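Just passing along the structure, written as C-alpha cells.
Letters A, B, C and D name the chains as they come in the text, with residue numbers starting at 1 for each one.
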Amino acid sequence: MSWNTFGRLFRFTTWGESHGPALGAVVDGCPPGLTIDEGLIQPFLDARRPGQSKFTTQRNEPDQVRILSGVFEGKTTGTSISLMIENTDQRSKDYSEVAKSYRPGHADYTYDAKYGFRDYRGGGRSSARETAARVAAGGVARLVIPEVSILAYVSQIGDDRIDMAKFDAEEIRRNPFFCPDADAAARWAEKVEAVRKSGSSIGAVVECVATGVPAGWGAPLYAKLDSELAAAMMSINAVKGVEIGDGFAAAALTGEENADPMYPGENGPTFSANHAGGIAGGISTGQPVVVRVAFKPTSSILTPMPTITRDGQATELFTKGRHDPCVGIRGVPVVEAMMALVLADQKLIHRGQCG
Amino acid sequence: MSWNTFGRLFRFTTWGESHGPALGAVVDGCPPGLTIDEGLIQPFLDARRPGQSKFTTQRNEPDQVRILSGVFEGKTTGTSISLMIENTDQRSKDYSEVAKSYRPGHADYTYDAKYGFRDYRGGGRSSARETAARVAAGGVARLVIPEVSILAYVSQIGDDRIDMAKFDAEEIRRNPFFCPDADAAARWAEKVEAVRKSGSSIGAVVECVATGVPAGWGAPLYAKLDSELAAAMMSINAVKGVEIGDGFAAAALTGEENADPMYPGENGPTFSANHAGGIAGGISTGQPVVVRVAFKPTSSILTPMPTITRDGQATELFTKGRHDPCVGIRGVPVVEAMMALVLADQKLIHRGQCG
Amino acid sequence: MSWNTFGRLFRFTTWGESHGPALGAVVDGCPPGLTIDEGLIQPFLDARRPGQSKFTTQRNEPDQVRILSGVFEGKTTGTSISLMIENTDQRSKDYSEVAKSYRPGHADYTYDAKYGFRDYRGGGRSSARETAARVAAGGVARLVIPEVSILAYVSQIGDDRIDMAKFDAEEIRRNPFFCPDADAAARWAEKVEAVRKSGSSIGAVVECVATGVPAGWGAPLYAKLDSELAAAMMSINAVKGVEIGDGFAAAALTGEENADPMYPGENGPTFSANHAGGIAGGISTGQPVVVRVAFKPTSSILTPMPTITRDGQATELFTKGRHDPCVGIRGVPVVEAMMALVLADQKLIHRGQCG
Amino acid sequence: MSWNTFGRLFRFTTWGESHGPALGAVVDGCPPGLTIDEGLIQPFLDARRPGQSKFTTQRNEPDQVRILSGVFEGKTTGTSISLMIENTDQRSKDYSEVAKSYRPGHADYTYDAKYGFRDYRGGGRSSARETAARVAAGGVARLVIPEVSILAYVSQIGDDRIDMAKFDAEEIRRNPFFCPDADAAARWAEKVEAVRKSGSSIGAVVECVATGVPAGWGAPLYAKLDSELAAAMMSINAVKGVEIGDGFAAAALTGEENADPMYPGENGPTFSANHAGGIAGGISTGQPVVVRVAFKPTSSILTPMPTITRDGQATELFTKGRHDPCVGIRGVPVVEAMMALVLADQKLIHRGQCG
C-alpha cells in the first residue's frame, strides 16, 4: 500500500515523481487566519534546492512553489492548501539500463517486488525529489508554531564530527554544508570534494533543535512526541537512525549520569541538563527538543556493483547521472520541515484535547 | 491528547494504569480463522513478567491474560479481540511524596503540565507496566505472520557489548539478560548486580531480527516499514534511539562500504550484505529486518536528585520502591511484540493494496 | 475487515459478543479533569436495559458498567478509559439450527461470507447487545459537552406517527416507548402488544434533537457534521435511513419553502425556521441539531421464512427465543449516545484547529 | 477543523475553491498495474459538467482533468495519483454584497462562525464545484472495481416521482435529468423550466444501484458498508437524507413484509426481495447495493430572504448569478462517484483482512 499522508490533525499528503510534470503537497487542518504567501515558503525550498554548490546534485531547477487553494486575501482560510512545484529539469536520458536491472541499495528491486513494476525514471516516487513537497508543507507548518524556532545542521560527515565548542549558529548558512563549525566545514570541503571526484558517496548526521516548545505537547502512548519525530525522520530518504536527546549514548550511562535535575524557574522549571532531548514520557518538557538523524551514503556511486536484472540474471551496475555525493547535506531543510510538521500537529492535537 | 491506538489495518488499543484494577488491549482487524487461545499468548507475557530474577523489578504478579472477545471455538472470528490482565500486586504504599513533587526524568512533570494533574501511583499510565498489554497484543500479531520468526536480545548493557562471534541463539533464554553471548552474560551479572546494590540504574541496547519477511512489505512514503518500526520502538518506555540496519554507523561509511550487492537466487535475489537492515525505499527486501533500540537508564534511582514540588519549590527526591536496575532487559519481549505488531499490520496493508 | 473504532480525536473502540463473558468500550482522547464515576454513566445503560417492559426483549441483566482505567480520584486523567459490562444472562440454549442455517435478514450469511465462519450464539458480534458499550461510551461523551442537551424519542412505530402538537418532553420517560405524545403511546401499546403476540416485529423512527450546540462545529468536507452523524446512526443495528432536518421531505420543497431566514439576535443570529436541522455547509448553525433515524423491523420473527443451510440446501427458519418486537424503541438511548459521541469529537476537533 | 480526506485504504484528498486557479484530488492507496489515462476519467466529468442544458448552472467550462502523478506508461504505479482540473470560467463579478452579508441556507454564516472569515467568491470551498474533484477520483475508483456496475438516476424532482414500471436504463443518458422514465422526464422539463424562470429552485432524490458487489464487503461495526455510504453521500453539497434499501419505508413494515427470503443458487444464495438494499449486518449480501439520496433545493433563489450582515444588522438578500434550479440533477455523477469510492475502499479493506 502507498501511504502518502502524514499527521493527525495538521495533515499533509504529497504526490509526484522525479520525472513527472510536477510534484506537490496538500496541507489539511491548518488553522485559519494565518498570514501566508508563496514568499514565506519559498526560502525553505531555496535552502533545499539542488545545484547550489558542487557538493550537491547538479540537477538545477528553480523549485518555485505555487499555492493553488486554501488561501484568500493573504490568509489561510482553514481549508485544504494545495502546493505545487513544477519539474523543469527532467533531463532526457537513457534509462534502458535502470529499467532492466536493479540498482543495489535503491528502491528499484523493492518497488518491483511490491508493485510489479516501477517508474524507473530518476527513481520515480522513491526519488529524494519528493522531499521538496515536504519542505513546502513544512513552510506552512512553521506558520502554525510561531513560538518555536527550529534549527538543523550537519553535525557529522563520514566519521568527522563538529566540535560543539566551536558551534556558531551564524556559520550554518555561510558554508555549503549547513555546518555550524567553520573548521569542520573547511575539512568537509576537502573530504566531500574527494568523494565527489572519486564518484563515491558518504554518510552524514543531521541534528535538529527546536526551542520554544512549551511543556505539554505529545500524545502518549502511541503518538508520543519522540515516536512521532522518529516516524517523521525515518520516512526521509536515506535515513537509517533517529535519536532523541542522548539517544544511543544514553544506553552507556547510569541513572545518575543521565539525570536532568529540575530547579524552580520563573516560567516553569529550569533544568541543568537535557539528556532526554526535551521529552519525558512522550511529552515535551519545555526544554529544547533535540533530534539526531543518520543519513546513509547514497547508493548512487560510480563503482560497478554486482546486481541482478529484472529477469534474475547476474549483472553489474553503476549509477550514471547527477547525484549528491552526500545526501545528508540537503537533508537539513527536510529535517527542519519534518520537525515543524510534527510540532504543528502536536500543538493542534494538544489544544483539541486539553483546550 | 492521548493516543492509545497503534496500527492502520491490524490495530491495537491499550488501556490501564500501574495501580488500577487491570490493564488490557483491544486488537482489531485481525484476520479470521486463526487458531488461538490464552496458552499461545501467555508465554510472551511470562517472558516479560517482572520478579523473575534479581535483575528486574521485584513487583511479582502472574500477568495472566484473558481473552474476552473475538474468539469462537478456538479461532479468531475477525472481530475485535479484547485481552485483559489483572493487576494483583499493587502494593499499598505511601505516595504522598511523589504526589507533591516531580521525580526528575519521569513523566511526572510533563503529565501535570499537559493534563493538569496525574495518577501518581506507580507512574499511572506512564508506567512500563503498560507494555504487558502490548506483549499480549503482540502475541496475537504473531499468529498473523506465521512465516516470520522474530528474535530479540540485549546486545549491550552500559558500554559493554556482546561479541557477535560468540552469538548463540540458544543462550538467549538461558540467562536472565536475554543475552546471546554467554561470556557477556557473566560479565553483566556482576555489573548489573553492582548497579542494583548501589541503587543506581544503567542503560542498554536491544537488537531485534525478523527473518522470513517477504520482499514487498512497507507502505511508502509515510508508512515506510522503517518509519513504522521507528514509531513503534520509540513509543516504548525509556527508548531514546532507533536504528535500522547499520543505523548511525552508516553515516560514517562510503557508498561502496555500505552497499548490499545482489545476486541471483532460487527464490528472488540473494544479498552479500545487509547494511540496510532488510529495508530499501521503505519496503522489505526479503532479507532479515534488523532493528536496534536504545534504552536509557531508568530515572528511578536511590541517589537524591534536585527537583521541584508541584507548587514550584526546590526539593530533592529519590525513588523508593521496586524498580528495574536495567529496564532494557525486560524491553526484549516488548521490542519483539512491537516488531510483530508492525509486521502484521504491514502484511495486511500490502495484501489490501496489492492483492 | 472489522473496524471497531469510531471518532477522530474523541475516539471509542468497542468489543464483545452477545454470549461472551463481557463487552466493553475503550474511550480515548477524553479531556482531563472531568468529574466522572460509574453513577454518571449507569443511568444511560439503565434506559437501554432490556427486560424493562413486555415491549422489549426479555433478556434480563443489570448491565452494570465498571470503569477500569483513565480515572483518578473521581476525575478523567486524559488517558484511555476502559469501560466493561459483564454478560450475566447468556441463557443456555440450543443453537444447532442457527449454526447450520442462515436466518434471513440477519448477519448470519454475510458474516459467514466475509469471515468464513461466525459466532452464532445470539448473533455474536452482530447482536444489538454491542450497543450497550456505545451507550456507556456515550455517557463519557456527554461529560465533554455539558453545554449540549440531547433528547431522543420515538416519533413513529409502523405507520403511526406522533402528533407534534401533543409533544411533551416529560412524557418521554413516562411510557415504555420513549414517546412524547401520550395518545400515541396509548395506541402503540396496543399495536406493539399485538405484534408481540403474533410473533412478528415492526419498524420505527427515532428522532434526536441536540440543543446548545454552538455555531462552528463540523469539519468540512468529509467530516461534515451531518456526514459524521449519518455514519454514526447508520452503524446502529437495524438502521436503514438517516435524515438531517427535513431530510427527504426537503426534496419536495422549493428554495423558498426550504429557507431558514436569519435575523439579528443577542447572541448571534436567530432563525425563523430550521429545515436544515441546524447544519449548513456541514457546520453547526447554533440552532438545534435534528436527526431522524429509521429502524427496520427486526428479522427475528416466528413466521418461518425460506432460507438456506450453510451447505446450500433450501430450508425454512424462524427465530426462537427472546427478541424485541420493535428494536427501534431501545434504539433511543443508542441514538442519543451516538449523537453525544459525534458532538464530543467535533467539539475537540474544532478546538484543535480553531483554538 | 477541515477534513478533506475520505477513505481508509483507498483514500482521496480534495482541494480547491470555486474561484481559485484550479481544484483537484490526490488518490492514494490505488492498486498498481491498472490501465488508466485521462480518457477513462473524463467522461464522468463530462456527465457532471455544468452548462449542458438550461436546467443546470450556466457556468461553462471544459473541466478537463490532468493526471500529474502516480501513472507510468499508462498504468497506475501504486503511488499517489494527483488529478487536477483548472478553473477557466470564474466570471469576474461584484461580490461586495455577499462579502458583507450571509446568504441564508448557504455556508456563509457557518464558515464565518467557524473560521472567522471566508472566501466568499462563489462559495469558496463550500461550492458544489468541489464535487468535480470527487468525480475525477471516482473515475479512478471504478478501475479498482471492474466487477461492479454503478448506475444512478434521478427518481424524484419536487414531489413528482418516476414510475418504476416505466424504468428504462437507456433513457437515463437521453434526457437532461438522468431520468429513467421518459414520461417523468417530459413532466420534469416543464416543471424545472417553470422553477428556473421564476428564479426558484427545487429538491430531488437520486437513487444509485451497484450490481456485481460480491458478498463480504463491509467492515463492521463502524465501517459498515451502509455507514460508509451514508457518510459519503451526506458529505455531498445539499444532501440531507440517505436511505439504504427501503430506508424510511421499512419503518412502516412488519418483519414479514420486510423479509428478504433466501434460496439456493448456483453461485451463492438467491433472494426473492431486496428490502435491505444488499447489505446485512453492514456487509454486502451479493445483491444489488441500493442507496437513495435526498437533495434539498438550492438556497440560491431570486426571492429576497431576510438575513443579517456580518456585523449583525438585518437585511435582505437574493442570489444573483448562475445557479442550478435543481442541484440534484448534477448530483447524479457525484453520487455514482461516491459509491465507487466507497466500494473500492471496502474491496481493499476486505482483501487486507480476509485475503
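Things to note:
Following the convention adopted for this analysis, a contact is a pair of C-beta atoms (placed from the backbone, for glycine too) under 8 Å apart; a residue touches a chain by one contact, two chains touch by 3 or more.
Note that the structure is predicted; figures quoted are calculated from it, not measured.
The interface with the greater count of contacting C-beta pairs, when B-C is set against C-D, is C-D. Chain pair A-D has a twin interface among A-B, B-C or A-C; that twin, with over half of the contact pairs alike by residue number, is B-C. Ranking all chains by how far their C-alpha centres lie from the centre of subunit D, first place goes to B. Chain centres here are Cα means. That of subunit B falls 46 Å from that of subunit D. Centroids built from CA atoms put subunit C at 39 Å from subunit B. Mean C-alpha positions place subunit C and subunit D at a centre distance of 26 Å.
Each of residues 1-5, 9, 14, 29-30, 32, 78-79, 114-116, 125, 220, 349, 352-354 in subunit B touches at least two other chains. Of all residues in subunit B, only 9, 29-32, 78-79, 220, 348-349, 351-355 touch subunit D in the complex they form. Listed in rising order, the residues of subunit A touching subunit B in the complex are 1-6, 8, 14, 102, 104-107, 109-111, 113-116, 125-126, 130, 156, 158-159, 195, 200-205, 215-224, 226-235, 239-248, 250-264, 268-269, 272, 275-277, 279-286, 294-301, 303, 305-308, 312-314, 328, 349-350, 352-354.
The touching residues of subunit A, when paired with subunit D in their complex, are 1-5, 9, 11, 13-17, 20-24, 26, 28-30, 32-33, 68-70, 72, 75, 77-82, 114-119, 121, 124-125, 348.
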